[in-house]
Each structure stands twice: as C-alpha cells, then as structure tokens.
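Next up is a structure, given as structure tokens.
The letters A, B, C, D and E name the chains in turn, as written, and every chain counts its residues from 1.
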Amino acid sequence: MESILLGLGLEEATAQILGAILKALIVLLFFVTVGGVLTWVERRLSGFMQSRLGPNRVGPQGFLQWIADGVKLVFKEDLVPDGADRVLFRLAPYFCLIGVFCTLVVLPWGSGIIIADLNVGLFYFISITSLVVIGVLMAGWSSNNKWSLLGGMRAAAQIVSYEIPVGLGLLVPILISGTLSMQGIMASQGWLPWDWMLFKSPFTVLSFFIFFVGSLAEANRIPFDLPEAESELVSGYCTEYTGFRYAVFFLSEWANLFVVGALTTVVYLGGGNLPGMISGLWVVSLLVFFLKTGLVVFLIIWIRWTLPRFRIDQLMKLSWKYLLPAAFLAFFGQALWMLLTWKLPLVQLAMAVLIFLTFLVLLYLFIKRVSVNIKEQKTSVNSPLPAEAGK
Amino acid sequence: MGGYFKNIKNGFQSVFEGLSVTMASMLVRPVTVQYPETDISSNETIQRSYKSTLMGMPENYRGVLGVNLETCTSCGLCVKACPIECIVIDTVKCDKTKLTDNSGNTVLNRFTQKEALKTRASTRFDINIGKCMFCGLCVIACPTRAIQHTNIFEMNRHNLDDLVIAFVPEEEKRAAMARGEEIEKEAAAKKAAKAKAAKEKQKEEKTDD
Amino acid sequence: MSAALKTDYLTINMGPQHPSTHGVIRFIIKTDGEIIHECDPDIGYLHRGIEKLAESVSWQGFVPFTDRVDYVCAMNANLSYSMAVEKLMGLEIPQRAEYIRVIVSELNRISSHAIAIGAANMDMGAFTPFVHLLREREHINDLLEMICGARLTYNYICIGGVNYDLPPGFKEKTLEFLDHFEVVVEQINRLISYNQIFIKRFANVAVVPPEMAMQYNLVGPNLRGSGVKFDVRVAEPYSIYPELDFDVPVGEGYEGTLGDCYDRYLVRVKEIRESIKIIRQCLQRIPGGEHKAVVKNVIKPPKGHIYFRTETPRGDTGYFIYSDGKTSPNRLKIRTGSFTAMSIIPEIAKGVFIADLVAIIGSLDVVAPELDR
Amino acid sequence: MNTIGIYELLKEKTNVVASFQEVEGPTPSIYVRSDFLLEAMRFLKEDEELKFEILMNQTAFHETEDSKLFWHLYFDAPKDQDESHSHEELRLFWHLYSYTHYHRVVIESSIPIGNPVIDSVTSIWKGADWLERETYDLLGIQFEGHPDLRRIMMPEDWEGYPLRKDYVNPTAYQSIDNTPSEITRSFQPKGK
Amino acid sequence: MKTLHNSFESDGFVLTSIDHLINLARANSLWYLLFSTACCGIELMQTGGPRADLERFGSAPRAVPRQADLMLVAGTITLKMASRVKVLYDQMAEPRYVISMGSCANSGGLFQASYSVLHGVDRVIPVDVYLPGCPPRPEALLSALIELQNKVKKEKYLRKK
C-alpha cells in the first residue's frame, strides 16, 4: 500500500499515514460487508430452518437486504432518551465496534496473509474482545432503562465468567503449538484433518468444546443470549438504541460471529493451511479459510435457531461447575498426554486418526437421523399429489 | 455425582436431536406460498406449484360482503340479524316498473324481474366494512341469498370513509327517490281523493237525511 | 453489616407491551436484582365489556362475540355458550351436529395447544419449534376454513347445532392431517420438549401443589398438571363425550416436582394425542342427518339461570346466563381458565427469577382476552 | 347430593336463614340471607358430606324491577328503607363444586343497591380474591374483609360501575375523545 | 454550478435518485413492532409464520418500539390501553408508519358499543393503511404491507415537500 502511495510521489511520512488510514478503511469496509452479509445469511438460514423462505425480495434472492436495512437505519431519526447519560449513551456502540474490529488485525486469513503478526496474538485477541463488555455495560447503564440495566449486568456477569474457561481452554492449543502468535498456531497444524488441532488428542476435543461454548456465550448467541433475551428483557442493553447507533451494535454483533468463526478455524481447524505443493497459492488458502469459517458460522447460526435459552443461574452453573473443571482437566490431561507420547509420534497420529474416525461415525449417525426426520416431515401433507406422481 | 454426568449426556443428546430436526426442515421444501405472485384463491395453482396438499382459500371463504341488488328485496332481515349495526338499508315505496333516469331509459329493470317480491326499493344499502366482523349472520338470515360473502380480502384503504361500501349507485338512488316521492304524491293524492269522496259520500248521506 | 446496608427493591414495569406477556398484560414486579420479590399483575388492558354487550344483542348474535372471548379456541367458546343456551331452552340437537361439534372443537383444541406450547417455547428463546407448530396449525386453519369459511373466528357452532354441514372431502383431509401431525408433533417434541435446556428451565419452577391449585380454582391442564385428575368431559359429561374413549393425562412430576411448569406443559403435549384419538373415533362414527335443529329466528329462552361449563383448552369455561325471557340475556358472565390461572401468579412468582416469570406465564397458558373479556 | 338435600342439611345443621329456590329454569338454587352468608359458606366447605372445596364462579347482577324473577319468594329479604328503590337490588351468585363428591350447588343472595355491602369469602376460598375484585369493579359491591379490594379491569380513575343497568357509556376518557363517529351514527337505526 | 443548484432547487435528478434509493431501502426494511392485543395478533403470528412469511419483504419483528418502523395495531384498543399506544408510538423513531389491522383497530369493530373500547386507533395515532377483516387473513396483511411499501416509495425525504 505504502509503495503504491510512494509511487504517486508522496513523502514517506505522509504515505505511511495515508497508507494506514487506507488500510483501516479497507478493513472497515470488509467488516461492514461481512457483518451485513451475515445478517442476510442468518435470516435466510433461519427461514429455511423454519420452513419459510426468509428475505428474498431485494436483489437476487434478497442478497441486498442488508444494504436496505443499513440505509434505512442510517437515515432513521436519532433519538437519545430523556434522562439518559448522553455521553456514555453515544459512546457505547463504538466500544463494541472497536472490541470486535480490532481483532481483525491479528486474524491470519491464510498462510502469510495477516495485518500484524503479533507474537502475543491470541492474548491480544482475548484482551481486546473484553472491550465489548465495557460497551455493553455502558449501553445498559446509560440508557436509563431498567431492562437495559439488567441486560448490561447480565452481559457483564456472563462475559467475565466465560472468559476464564475460554482462556483456560485455549491453553491447550498454545501448549501444543508452543506459541501465542496466530501464524505460529496455524503453522503448527497441517492441512489434513488429523493434523488439525481439534483432532490431536481427546483433550483438544474437550478444549475445542469449551472454547466453542465459551465463544457462543461471549458472542451473546442462543443458548446464551441472556443480555438481549427478547422474551425476558425486551431487547436487553440495546432497548433504547435506534437508528445508526443501533446499526453499529447490530453490525458488531454479526461481525463478532465471523470473528469467532475465524478464530475457531485458525486455532482448531487448521486455518488456511494447504498441502505442500500448492502452499504458495494465497487465493486458495484464503478460500479454504473462508470455507472453514463459513462452516463454523453456519454451525453457530444453526445452534442459535435450535436451542432454547439458559437461565442466568444455570448459565453461571455451566461456566463454573462444568466448563471450568473441564478446562483444567483438558489442560492437565493434554500436558500429561504430551509427556507420555513425547517420543511416540505414531501413537499421536493414531490417536488423531481414531478421533477423526469417531467424528465421521457420529456424522454418519447424524445424517441417518436427519433422513428419518425428513421422511417424517414429508408424510402425507407434503407428499406429491397422485396425479403429479404418475408423471 | 451421577446427576452431573447424566446432565452432560442428556445435554449432548438433546442438542444432537435438536440439530437433526432443524437440519431436516432446512432440507425439506419451505411451505411458503409467495402471496402476491401466487393466486391463493385457487387451490389448483397452489397445489401445482407447491406439490403439496396445501389448500388455498375455500369457495365459502368469508370475505368482504357483496350484495346482489337484483335479488335483494330490501326486507331488512340482514339489518336485524347483524348484532353490531354495520348494515343500513333505507327504502322507499315503489311500484317497480317505471323507474327511469333523466334520458328516459329504465334503470331499475331489476324490479321487473321479481315483481311479486318487490314492494320497496332501496335508496341506500351501505355496509361498513371497517366495522364488519365477517360473522356471516346476515348471509344466513337472507331469504333470497342476495347478500353473500365474496372472496375479496385485500381491501386496504388510506381513509376510513372509503371502507363504507355503498351498493346502490347514486343515479339509481336518485331515480328511486324521485319515483318514491312521485308514488307518495300519487298515494297522497289518492288518499286525498278518497277522503274527499268519503266526505262527499257523508255529505250526500247527510243530505239524503 | 448487612443491617447498615440499606437496599431498595427495583420496581420494574413489565408490559402491557412486552413480547412474552401474550397480549396485553402488565406486571409490576419488585426485584432484588434478578430475583422477584413481589409480582402484581395488572390486567384489564383488553377489557372490552363483552358481558355488557351481551345484554344488548340477540341470543344468536352473541355467538360471534364468544369467538373473541377466546380466539385461540373459538370453537370451544362457541360450544360452551351454545350448549348453555340450549340447556336453558331445553333444546335437543341432532346427533350429527353433536359429532361435528366435538370434531371441530377437538381440532381447535389441538391448534390452541399448539399455540400454547409454541408460545412457551418462544418465551424460552426457542423460536423454531414455535414456527414449526404454526406451520402445522396452518393445516388445522385450512380444515376449519374449509368448513366455515373463517380462519380464526368461526361463528360455526350455533344455538341448535352447527351453521353449515361438513363439506365433501373433509373426512379424508382430516385423517390425512392427523396421520401427518401425529408424527410431526413427536418430532417437535424431540426438538424442544425433551430438550435438556428446556427441561431445566421448566422443571421445579413455580410448583403448584394440588391443594393450592384447588384453593385458587385452577382449571383444565393447569389443574391436571398439579396431579388432580379432573376433566369436565369426564366428570360432568356433555355432548357425546361419554361414548368416546380417551384418557385424561395428569402431571406426575415427570422431570421434577409434581405441579411444576414442566408438568403443566407436558399435560398439554399429551392432550394433543388424546384429541387426535377423539377425532379419529368421531370421524369413524359420525352419523348422517340434519346438522341443525329447527330454531326460530328470534328466540326467547324461559326465565331462569344456568351455569354451564365445558372443557376448553384453557380449562373449563363457564357461562353463567341469567335470562328473564327476553330477546337478549339479562346477565351473562364468563368464568374463564386464564382468569384463575392469572390470580395464582402473585403467589407462585415469589422468589423466582425474572426469566422464570416468563416460564410461568407460558406454562399457565394465559391468553389476555380470555382473562379480561 | 342434589340441591334440595344440601338445603335440608344446611337447615338442619345450622341456623342460617335460607330458602330453596325452585324455578322453571334448569338450575335450582339456595337463597341465603346476606348476613348469614359467611356462616353458610363455611359450613358448605367444611361439612364432611358436602366438602365444596371449589368456588367455581362468583358473580352478581343488577336487578331492576322488570327483570325480577321471583322476588316474592324472598320471604325475609332485607327491606330497603326507600320505597322507590324497593325492587332494585344486586343479586349475587356463588357456584360451588366439590372434587370429593363431584356435586355442585348454587348459592344466591341479594343486597340493596343503596348499601351494597356483603361479606367476603376470601377467607374460605383464596380463589375468590380476583372474582370479588371483578364484581366490585364492574358492579360496585363492597366485600367486607377482602384483603385488597380495588379495581381490576377498569383503570383506577374510572367512574361508575359499568355492569349496572343505569350505566351510560362515557364519551371521553383522559382527554381521549370517544364519541361515536359520523359513520357510526349514520348506521344507527332511526329512532335511536 | 448553476445546474447543480437548480437540481437542488427543483427536485432535480440527484436528489430524486437519492430519494428513490432511500425510499427503496425503507420500503424493503419495514421492521414491525410486536404489538398484538387481540385476535389479530394470532393472525399476525401466522403472517410471520411459514405459510405467509412476512420476512420475505424484509420485515423483521422487533420487540422494542425504538427500533421498529412500522406499528401493526393488531386488535382491540381499550381506553385503558389507548394512552399506552400513544406512548409506544411516540417512542418510535421517524419515519414511522402505522397499519391498522382489523375492524377493532379501524373503528372499534364489534366492540364499538362497549363502554371501554376506543372507537378506532386513529383517535390516538395517525394511521397510514386501514385493513378490514376480523381478523384479516395473513395474505390480506401482506397486501396491506405492499400497499404501505408503495406509499413509502412515493415519499419525498430530501426533496421539498
């Protein structure tokens, strides 16, 4: 970027600054697009899960729905409720935005494609996402609405307590790869499924599970969407928000979804790793990365439209009584496992393949169950008419 | 402690089951009938395009009320049957045959068809669709099946006054009114004549005395 | 230390426009953080004065109003009122009409329970099962629309029978639907009713012991959820129910204590199966003949009063009618299940979470218009 | 047990002033004088043979002279002082049911409209709480001994008791105009 | 410069096309407030349900008036509720629209003669589209929404009114 600007005949200092701004703008644009497209994806997918179509009018298959929503929200009247803390109320959405936005810096999109390969990448990631909770808490407090306050409080309690198991769970991949750098973690995995962090040992599976559940909670997705539980707290911390500021909340929530998916991909699913012979092709690497991220995002959306919501005490119980001991178990178990199989790479590989096969068996069972369900749903009412069947 | 692991097992199992059901419905064709494109009043189109036994609107759908003034006798039974006063009928007496408009054409030829039933002509037959509750009591009450539910349901209006349907056209109303007045005049004249005759008779009787 | 620290309860206004209050019900709750200390329901936001209107409309003209008393199961409401008036008049109605009445009211019971279950699910944050149930309910709407031309407010059961005869093809379509629904409802149960999170949310919450249920006069599924085996269809049989074979499901503390939210919920799920059974039997036995007895245009029941109740999805709905021999009732009072179910909430909503209050409303299946009338 | 049996039991075991109302309608009832109500109700609930655990329904209505059914039967109904209101009163009904014996009974009573006060039965059935509040709200009957007697359906600042026969619909409430519109009036039958 | 100035003065090309875009966005993203009081509420649910699917038109349900653009008054409005309706409407951010769904919201409907029912919601808040029916079937509600979309598309936002 800087080289192009320098080529245009600018001074070096100006080029540096301009380049940084341009880069940030490009990332922001990407951020907005991802967040927007994901809202459309979620609405369409939830539609299909509920036997309906979802938004399909604006653009091809309703793809431009998110633009319509965005434009509408931007041009909507801007309200700050009476009695609200005006400064905090206005600031809160941007804290959320920054918390999510800054994580993009350390995400490796493929091997070698990264904005800043910090050597404390994962640590940076975990700490910067904590900004979100500040934003949520600010929004809840400043709205001068009791529902918002309750939502903010719930969010704070929830995110803080789920950060602990998530952090502990992430220790397992760090243990294996021996680095905090995102590129390093990605590089420590291969392109084959059994080279992925997820299948390396039973403890990595456990750690993946803890991390996944914890991220769901941190991203406020069902079954952990208590801060904005629609049927309880009306709309939680963003009850009083409208127009552009609500759009920012909206956007950061869905972008967060992408970030969670991307992090899962990088840490557990091999990231954009490619087989040795084509490892130089960064486009393919990017594609692989996006495909895997897409799958994880799909899984999250799928879970969101399947499960009911926890209650606040159950949520805490899950974190402190189930996930935390499991995280410790995973950490120590993995350490022990690595000690035992220190010199036995074949055993490690066999274990990985075994876990992968178990996963495949589960998948098979699942597909069988799905086909039974499809058959049930199609009984009589959805069956073709006799006249049609004959043709 | 047993409960602890049982909870974990049940949790996983229910998530597994739940996900399989939602995945199944994702793979089954949606049941949405795309309304403005699909004609929902016809069963056949829906069934053909959606390959299912989804039903469209039935023929006896209770939509907006419609009145066939040709068979209406202005008897007022529907007005009585309606519990909420959303039908109103004003009538004039009428001899049905000779109603003409300004140019001399017969406008109310419907009266000639059922002469025996017609003793009144309606000058106003309004239904307030903005108040109607689509219960069908007036339809059940109607002896000549003149008032019927139609299949119309899309009667959006920007103004509440537009939701009042007037079934008697303005010119017909005027003609009927005029004719009604004429008849009334005639009747009054007849009455007067009769009274006069009676009086004269009385007088005659008196004079006879 | 704690004595020195003075804390106030947080007073929160929930409703009348709140996604989980099923219409317009308002709760004024005093909470200690998330835990409810006191809950005062404020109802009447949908009080439409139906009882007063009854005093000015004709006997037949009131049937459409009963539709709106409980729109989720309008057929059952029609049935209660029509039977009360028929009892008052001593009117005999044709056998075929009785069968049709039972078929349509049981169909309506299914669709009402579908809404009840779905709404409870939605309150728990599971939106998909609710929409699946709406999808199935749409088929019932189709069937009922086929009979009478309306989707929700039917005005089908009238004094003296039913307004229209069954259309051709109704029996086949209904049987086809039942075959489908029996399978799919089980699938939806797997999706939500047996879901561990859902069970944990409902089990052991807001326990209503049988004695308390009787004290507060809970009715219908709410009463049966507390383990009292009482069903008006069995205890005070009316119409053709004595000839039919069906069970009365009661709560047994399926996943916790007897009389908790989950028991009430599961009783409804089980009642759907019983209703399917009843409809199958009725369709098999339905005789031919007239669908309506000869009733005058203007009826004047004799002087006297009656309190007649039938089993509707939300418990027994009682119609108290006081006639003075005129063309409209002198006094008509509707005692509904939601009303008593609501009156128990201040008692059982003490010391529960805000989220549990939502579960309680969902499990008691309170519908605002039936509550306020 | 049928109503006549219950009535005889009531007469036999207590000294409640009551009469048996047999009318041409389908439901017979027991008329209890209002000052003996609580005693009668307590007996009906606690007697082993009766055991009416459930108050199914509680209601009342405003009875004007022309709607009066069998007022001549009230041999010792309280006489109102004012002659002109002598036939206008509020009649109350209680419908009881027993889950033990599966029988039901209708209790009725009446109070003068000038002084609409009667004992509350909330101490016997908790479920009576809201039913009595509703009756109070819509008919203005004061229940003595009710823990929390306030309006339930109508707003607190509502005037009048809607279910009384002489009630006139308000044309405005809290600055919201509620007079019938032009269309409505044009649809009203003539002469109204 | 003069032409540009002109184009701002008299609904010129620039503003018209921007207006057109904004209106298109608005019309296709009418989020509705979950506000159902009575019978029509059930049909509102069914409209959001799988058969009719209101979301096809980009209308998502919102629990909060602040984020909603469209208020579907579904059901009877009593006098006790009327002031609440007003408050809810005031809480919505401009531009806001109201569809009066069903006879009760239109004019009080069958409860018009009652002592506690408001004679039409237009006594409290302005209404854009009146939809008859008791309750209207889901497709009728869709048609009302399309009608409203057409109305929104003709609005002048930047141009002079």
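Simple rule for what comes next: contacts are C-beta pairs under 8 Å (C-beta built on N, C-alpha and C of every residue); 3 or more make two chains touch, one makes a residue touch a chain.
Everything numeric here is computed off the predicted structure, so don't read it as measured data.
Counting only chains that touch, the fewest steps needed to get from chain A to chain B is 1. Contacts with chain C and chain D are shared by B, E. Across the assembly, the mean Cα position most removed from that of chain C is the one of A. The chain pair B-C and the chain pair D-E differ in C-beta contact count, and the higher one is B-C.
Among the chains in view, C has its Cα centre nearest the centre of the complete protein Cα set.
When every chain is reduced to the mean of its CA atoms, the largest separation from chain D belongs to A. Chain centres here are Cα averages; for chain A and chain E they lie 35 Å apart. Work out the mean CA point of chain A and of chain C, and you get 42 Å between them. The distance from the centre of chain B to the centre of chain E, with each centre set as the mean of the Cα atoms, comes to 27 Å.
Centre-to-centre, using mean CA coordinates, chain C is 31 Å away from chain E. Contact with two or more other chains is made by residues 153-155, 162, 167, 183-184 of chain D. Counting only residues that touch two or more partner chains, chain A has 47, 49-53, 230-231, 234, 305-307, 373, 376-377, 380-381. Residue positions of chain E touching 2 or more other chains, listed in rising order: 49-51, 53, 56, 63, 80, 107, 110, 112-116, 120, 134, 137. The chain pairs satisfying the stated touch condition come to A-B, A-C, A-E, B-C, B-D, B-E, C-D, C-E, D-E. If you check the complex, the residues on chain D that touch chain E are 153-155, 162, 167, 169-170, 173-174, 176-181, 183-184. Residues of chain E touching chain C in their complex: 33-39, 41-43, 45-46, 49-51, 63, 65, 75-76, 78, 80-81, 84, 88, 110-111, 113-117, 134-135, 137. Within the complex, the chain D residues that touch chain C are 23-27, 29, 53-57, 59, 61, 66-67, 69, 93, 95, 99, 102, 106, 125-127, 129-131, 134, 138, 151-155, 162-163, 167. If you check the complex, the residues on chain C that touch chain E are 16-19, 23-24, 44-50, 52-53, 56, 64-65, 67-68, 71-72, 115, 131, 134-135, 137-138, 141, 151-153, 368-369. Those residues of chain E that touch chain D in the complex are listed here as 79-80, 82-83, 107, 112-116, 118-120, 123-124.
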